[in-house]
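Shown next, in structure tokens, is the structure this report addresses.
Labels A, B, C, D and E are assigned to the chains in the order they are written; within every chain, residues are numbered from 1.
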Amino acid sequence: MITAERKPLEEIVESVASFDRILLVGCNECVTVCAAGGRKEVGLLASALNMTFLKGGKSVQITEHTLERQCDPEYVEELSQLVGGADAILSMACGAGVQELARRYKDKPVLPALNTMFMGASERAGVWSERCAGCGNCVLGITGGICPIARCSKRIMNGPCGGSTNGKCEISDDVDCAWHLIWERLKALGQTDLYEVNMDAKDWRPAGGAGPRTIVREDLAE
Amino acid sequence: MSFLKRLTAKEFVVLAEMHTPKGVDISRLVNDGRRLKGRVDAVLVPDMDNGIMRLSALAGGVLLQQQGLEAIIAVYCRDKNRMALQGDLLAAHVLGVQNLIVVPSADMAQSDHRDAKPVFDLDEAGLLNAIATLQEGKDLGSADLDGRPFFNTGCALASLADGAPFDEALEAVKAQLAAGATFVITPPVFDVQACAGPLKKLGELGVPIIAAVFLIKSVAVARYLARNDAGAHVSDALIQRIKKAADRESEAVKIAAEIVQALGSVTQGVLLQTHGWEHRLPAILDMAGL
Amino acid sequence: MTHPQSNQSEGKVLVVGGGMGGMRTALDLAESGRDVVLVDKAVSIGGLMTQLDRTFPTNNCDLCTLSPNLSQAGRAHRIDLRTMTRVEATKGEQGAFEVTLTTTPRHIDIDRCTACGDCLRDHPECVSFTPGLDHRAPTCMRYPQAIPQAYSINMEQCADVDALVKSCPVGAIVIDDKITTVTETFGSIVLAPGAEVYDPSPIAALGYSEQPDVLTSLEYERLLSASGPTGGKLLRPSNGQAPKKVAWLQCVGSRARQADQGVSYCSSACCMFAIKEAIVTKERFGTDIETTIFNMDIRTSGKGYEAYYQRSKDTDEVRFVRCRTQNLQAGETGALQLRYLPEESDTFVTEGFDMVVLSTGFFIPEDIRTLADQLKVDLNAHGFALTDSFHPVSTSRAGVYVAGLFEGPKDIPETMVQASAAACMAATHVGVTPDASPTEELPPERKIDDEPVRVGVFVCECGENIGGVVDVDNLVSHAQTLGDVTHSENVGYGCSAESMEHIRETIVEQKLNRVVIGGCSPRTHLTRFQDLLRKAGLNRYLVDIANLRDQDAWVHRDAPELATAKGRELIQMGVAAVRQSKPLADQTLPMSQDVLVVGGGVAGMSAALSLAGQGFKVHLAERENELGGEARNLRRTLEGEDVRTQIEHLVAATEGHDKIQVYTGALIVDHGGMPGKFTTGMQVGPQLFYRQITHGATVLATGALANRPSVYMLGEHDAVSTQHDIESLLEDDTDTVKTWSKVVMIQCAGSRTKENPACSRICCQSSIKNALRILDVNPAASIWVLYRDMRTIGMQEDAYQEARRRGVIFVRYDPENPPQVEPVDDKVKVTFHDPILADDLSMHADRVLLSTGFIADDEGTEELARIFRLPRTEDGYLLEDHIKLRPVDLPTLGFYVAGTAHSPKSIKESVAQAQAAASRVQTLLARGEINLGAAVARVEASRCAACLVCVRACPYGVPFINADGNSEIDPALCHGCGICAAECPAKAIQLQQFDDDQILAKLEGLLERITA
Amino acid sequence: MSEPTPQFEPVIVAFCCHYCAYTAADQAGAQRLSYPANVKIVRVPCSGKVDALHLLRAFEKGADGVYVAGCLEGDCHFNNGNTRAARRVTQVQKLIEEIGIEKERIEMVLMSAGMGDRFAEVATEITEKIRALGPSPIRGGKPAPARAQTKASAKAAK
Amino acid sequence: MKTDSVLEKILTSGQLAVTSEVGPPRGTDPEAVKKKGELLRGVVDVVNVTDNQTAMVRMSSMAACAHLKQLGLHPMLQMVTRDRNRLAMQADILGAYSHGIDNMLCLSGDHPKFGDHPMAANVHDLDSVQFLRMVKDMRDEGKFQGGDEITDPPKMFIGAAANPFADPFELRVARLAKKSAAGADFVQTQCIYNIPKFKEWMKGVCARGLHKEIYVLAGITPMKSVGMARYMKNKVPGMDVPADIIKRMAGVEKKKAAAEGITMAVEMIQELKEVEGVAGFHIMAIEWERKVPEIVERAGLLPRPSV
């Protein structure tokens, strides 16, 4: 899941300060699950913005709407009725959603209300952690299902470095040493021999090193 | 690795106690068991402890083994004569239950069948002897068996209370070890330091010692233990700690986990006794870092 | 005319007396599935309590607390209510009593009468109301919520029968109504005929007959009542002016030394009654009114009463004067001159008062003695029904039970306890009958989807309670201005039967589809109004209550304008919320019929045996290793009963009962579920084996502890012990007792103190019991009792007087200056101040006996209260749902309390409360199914993002993601907390009854004026 | 009688759980304990039902102070609704601070059903505190225009 | 001989090598480096020059190395993967070698979180193992990492760092093996305080025969004070300072603490000399270079061999 968190209110307020009618659009996918941009957060932000403007003596019309998914044109189309009545669109989706709105509604400023963070998993209620860096060349099969690219602070592919203590990364006791986890997992799987293999220098092209990436499924693409 | 292998390899073992139902609704046992799969080395199934008639430990143990757990079942002398005992032991082997623990029989004063006739055909050492005999391919009547069963058998220490109670219990354990038991399970330990003496003496026996860790669920239970069980060493500070906790249930789990951790370097394993709060076992294991 | 009766009525219980006690008995029996005939000689039921204005210690309006019971009694279809009916004769025995009942003609067809009052207006001479106790004939209806809601006519007084008949617009007058006599068969009989209040006229010195400003306490109560002769204004009958100085004289007609001065026992309730009247007087009519209570002892030994007494002194500045004699005469200026001898003085004092209230006690009148005679029920010397400690509501005749004042003088909570206990006992003789005759055919629910919203607002005045502070008419007219409100009115007492019917009619006539009641707390009254909507053909969830009483009028008494303004806002909020409400359906589950009783003392065992006797499976959990509780240490009661033998019997019966599963050494460790289906886990026996029990109801009989305070050298000197300690000594070692030449007893040792503020209730009688017993063994002993107030309530007073007669010396001490105890070899020296001698005395005692009473079992109840989530009082006793009317029910449905876990009490009171708890349990379990209400979480699948937040947040693990990939919540398992709804990031979950639209509408309703 | 000095009368919304705080409020009434009329109670089944959104909307509609009153710690009738509510209150405190509203304007209080006196005390204290803080900063501005919340189903596009 | 490195020569000859290090200044004045270098002349064989040590910006290691080289000392270029991608790294290696710098140490580097630029991009195009492989391939295959041939490849004597104490301990030997396999000729270890643990590690290294493939230089850092000891124990990632070391430091008077630290370092070297597989010492006297001669002398490592 893509995770995100709300930008500081001040930054959002500044970005929409010059508009009188704002269409605030949430997304019912990933950002709902990570409590950043679902109906509830849309409601909270609308309230907060409204109050901020009221405080400044300004009256702003905020229309709330939450789409099933902001990164699909068909869902985004749903907004066409509402966009006319707005001076700007404030999106509570990930960067993909924001860009999809901007692509579809070319004459409206589309502003992000969230900072898109990472692809992560939910550790427990209310806690999400980075799990995948989208590097385009998955090595999880030889690292015991734990990604050194996303989860090692130094992206070390032949770890661990010399800084880990008690299974924790040198940068913080709150961060697990990915290589410690990998090693434990490989041990449990009886695959410690996989560790001995030196992983070659990584080809970063699939990770975006070669520019924006596109996936085309020939059989599905029209 | 099986329970026996871990014991032999001197690795720390984690056991959990799971009671069979009084009745035939096994859903709770099975569900709690599934939740423990992969988290403990084996589950200990007591048999009619406290003199409460229930589903037999053998059946409970087999059920849990079907869930992918390894079972240790309790065997004792109060309710069966040597015929029934031997027959059930053979059955246990055939059904795949190979871990036994010989336990003393609970007093029937608190039983729900106080009028029942206690058998005591054998005593604990006699039962261990019977197990050894069976393993040699004979029964107590010296007849040859078709096929020899194999068991990994432990015994239970009766008391950790300093002085005479412990000394007597220790002698009994020695006798049982001599009769074939290979590991010992202690009564609940609440204060590892206070029990250091007895635990040390047990350690000197040279067999794996597994200490019971009991989840104290309430202040009343803590007080009860403090008042009624000299070997428990439940201190007033512990009672106050539970009492002052905002969430007594979580505090109890924390205390159990701390004891487990403290025992890590003292004994070769722990037996978690949650008595009905098996749903809390994962929390104890998490907190104890197991 | 006599109707020969068939055998059909075997399954019925006859309840005689329609006061609070009789009503409670009848209601309990009806709710637990028994058919009841409730007879009362009066024209309407309600008894004495209907004449009270407010009751202590909560100072609630009685009419408000009582009326729900009354109208319930009137409508419960299992109760056959027969007013103006007397018991004439009985035959047969338990299981099949044949009882002859005679009904006086009312000349009114109750079913037709609408209580419009036209007959009264036109023919006051022959239309009768019970005039109440005011000998100055009030002109009002006895009370506005009377049940049945009908008048009665005395045809003999009627001069023009034709005119009378014509005066009735509905033709309800029956000219040829005759006395009817029927003989019916009853399985058992409960006697709750009440008592009468002493008429002080014979005591000339009190001037009651001559002086209009001398009133009885009940008359004073009528004067305070909103429905009373002055419309709730405190005015002197003599001149119609407000009094500035009011005196109460206690023990008028009670604790009398001579027969012509009244009865010798203590009437038990008058002290609290007087204190309450004094406080209410100040609260309602001005703090500058001087209130003085003249008394011998203040006997406030009920639960919470001592604190109320202390508050009256400290906060309300009620003056208490202890004195011996008094007489009254009118002074020259019209003031009443009261002459009295203060306790600490030897000269008489004369003081003027504007009004004098005589706190008159109870006595059993001749007609009740006659009733007892007809029922062959033995009475004691005072005319009260004979009972014993272990059978507190059983009369001498098997199958006949007693409750309330007829059993002995008592207060309302004890009456309510006995009433339920009597119901429990009476129910043992009659089976549960199927609910064959639902008298209320509910109309089908109206479909309102297509209707425009039409809100009706009904605002209660609740007498002075709301109307005295809030401008109700202002609220009514304000409501009319609110959106969608099509009807708005003032309904007086909204919960009275009359008003309820009016509201129902209005809903139907005006086609209202949403209702807002401005009244008291929805906690207590929402269900009643929901039922009303249902009767009016609306879904029950289309109503909201604006809490104008508990959260407005009562708390803003000093600021009526603010209260009115807030009331308007509360109504606005209510209207806004109901506009958003939708019809909802209730969820149900079957109930477990098993009962968990916690505590194996006298109360626990009695409750268990009562329930098991009725066929319920009982799990009895006792934390000790044997049954018996504190009472194991007792030997005899004041009345001389052998406690030990009785306890042994109880234990044997409990352990031997095949419906009772006893768990000794049982510690409760967890609890969950809901009323009707609780699960409780406990650890049992030496190995702490875990058992989990599923049960429909829970009785807490966890007891209290014998107090052992570190005072007066207790525990430090062998000559100092508690009353408790010497029980066995007195029985088994009389030789030692014979060596005592001087015994000093100190009362209130460790009770009524800062640490343990409650009165322990039983210690005064214990000391009397032990004093008399010591004298039996050792007549030469000199016994001194140092006390603060002797609280020998009821018939215990006789024993107190006997002790005085036999030479026991009673000396009052001041808590500020308590007795001093010092060791002198094997004796102790006791020094104390004697107020009568006005001197310090000092004596060497062979034995000092401390009356230490009870202390709440903090160790036991603190944790149990946490596990069961029940509130406790500040001093650690379990807090009941309503101190007066629901003394057995705990605030969480399905939990009941019995015995000293509730408050200090005697064995007799404990057993009664245990039986009462058993009765209350039956009323719950008879419902058969659990109504989970409609407050359940619902998922709007199209919005659900399947994020698992609800799955993780639910405290009960109910939500799950279903095959469609959406969260699903089983309404039968949902507990209705709404946590999932609050956490759902997609706003896909709503908690019905509390959905966001409604909550936000409330906010909007409230804050309208700011944003508008 | 002296002329009452005109003072700022704050509007305070109290979300009270049915089992404890609301009962305590009724208790206060039964005991005739007085507290400021500024406090208006919204009854909820559990303090855990109070959504951050409700708290924020209360301010938006013009409340000067808001509090959530739940059961004592460990006493929640629904296990832990009160602690959840407390966490939400903390979250909303942060949010309103971002908006520029003093975080003291919202708080969580705990009480048992029997604590009528505590209810009155808390209501008085909070009212005084809010009174001292003055009107909510957002009340200085113009009224809030109604905000549209589109009802169109998001699934319609599917 | 793979290279012309003096270090390689000493190690190949079987003599104990001694290295030390200097940190370049946070400014442009080369004197500081030169001064520190002078202190070490004749005392150690090769002087490491750190690369943005502790993720703080300093004069580049290559420039500082060049200054030392001009003084006739033998510098060792340290390089971390944190700040450069593979292009920049290779370019700098070519540049360094062109200045006659023929020793280098390949590291991953401290995380920027600890430094003065926590907001900096954390490059890590390669990890240290991949880095070693790249340098080795440049030297032995004469190829850039991308595969193109190098005219006049750089002949670097390649070093790596090893922390025998970091968790998981059981992995530490294997990790050394990986570095060795990737191309490391020698390894300088993390400061050693826990000698038993170091010996255990060395035992593992020898058991695997690694000591025959890679030279192990034991890291030594003298303690200046008990405060430093505690800091190292608690604050420095991957450092293992046993309690008895702290106790020993705490047991002496404050002004004698530094001397005690030196003595302890000397004792350690003497003890470690006897350990199989220890090929030399890397003395990291952080900002205390003036004490290195004393340590080396008292440890009986003087005079340094000339090769």
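FYI, contacts are C-beta pairs under 8 Å (C-beta built on N, C-alpha and C of every residue); 3 or more make two chains touch, one makes a residue touch a chain.
If you're wondering where the values come from, they're calculated on a predicted model, not measured in any experiment.
Undergrad: Give me the set of chains touching chain C intersected with the set touching chain E.
TA: A chain counts here if it touches both chain C and chain E, which gives A.
Undergrad: With a step meaning a move to a chain it touches, how many steps does the shortest path from chain B to chain E take?
TA: 3
Undergrad: Would you identify the chain whose Cα-based centre sits farthest away from the centre of chain C?
TA: E
Undergrad: What are the two chains with the top count of C-beta contact pairs?
TA: Highest contact count among chain pairs: C-D.
Undergrad: Measuring from CA centroids, which chain ends up nearest the centre of the complete protein set?
TA: D
Undergrad: With centres defined by CA atoms only, which chain is the most remote from chain D?
TA: Farthest from chain D by mean C-alpha position: E.
Undergrad: Whole-Å distance, chain B centre to chain D centre, using C-alpha means?
TA: Once rounded, the distance between the two centres reads 53 Å.
Undergrad: Could you work out how far the Cα centre of chain A sits from that of chain D, in whole Å?
TA: The computed centroid separation for chain A versus chain D comes out at 34 Å.
Undergrad: Give, as an integer number of Å, the spacing between the C-alpha centres of chain D and chain C.
TA: One centre to the other, that is 34 Å.
Undergrad: Which whole number of Å gives the spacing of the CA centres of chain A and chain E?
TA: 40
Undergrad: Show the residues in chain E shared as contacts by 2 or more other chains, in ascending order.
TA: In chain E, no residue touches two or more other chains.
Undergrad: Where does chain A touch two or more other chains at once, residue-wise?
TA: 28, 40, 43, 66
Undergrad: Which positions in chain C touch two or more other chains at once?
TA: 866, 943, 953, 987
Undergrad: Can you name every pair of chains that touch?
TA: A-C, A-D, A-E, B-C, B-D, C-D
Undergrad: Inside the complex, what are the residues of chain B that reach chain D?
TA: 246-248
Undergrad: Which positions of chain D touch chain A when the two form their complex?
TA: Residues 51-53, 56-57, 59-60, 95-96, 98-101, 137-138, 140-145, 147-150, 152, 154-158 of chain D touch chain A in their complex.
Undergrad: What residues of chain E sit close enough to touch chain A in their complex?
TA: 81-82, 86, 108-111, 113-114, 122, 124-130, 133-134, 145, 161-163, 166-168, 170-171, 174-175, 177-178, 181-182, 190, 237-238
Undergrad: Can you name the residues of chain A that touch chain D in the complex?
TA: Chain A residues touching chain D: 8-10, 28, 40, 43-44, 46-48, 50-59, 61-68, 74-75, 77-78, 81-82.
Undergrad: Hey, which residues of chain A end up touching chain E in the complex?
TA: These residues of chain A touch chain E: 153-167, 170-172, 177, 179-180, 183-184, 195-196, 198-202, 204.
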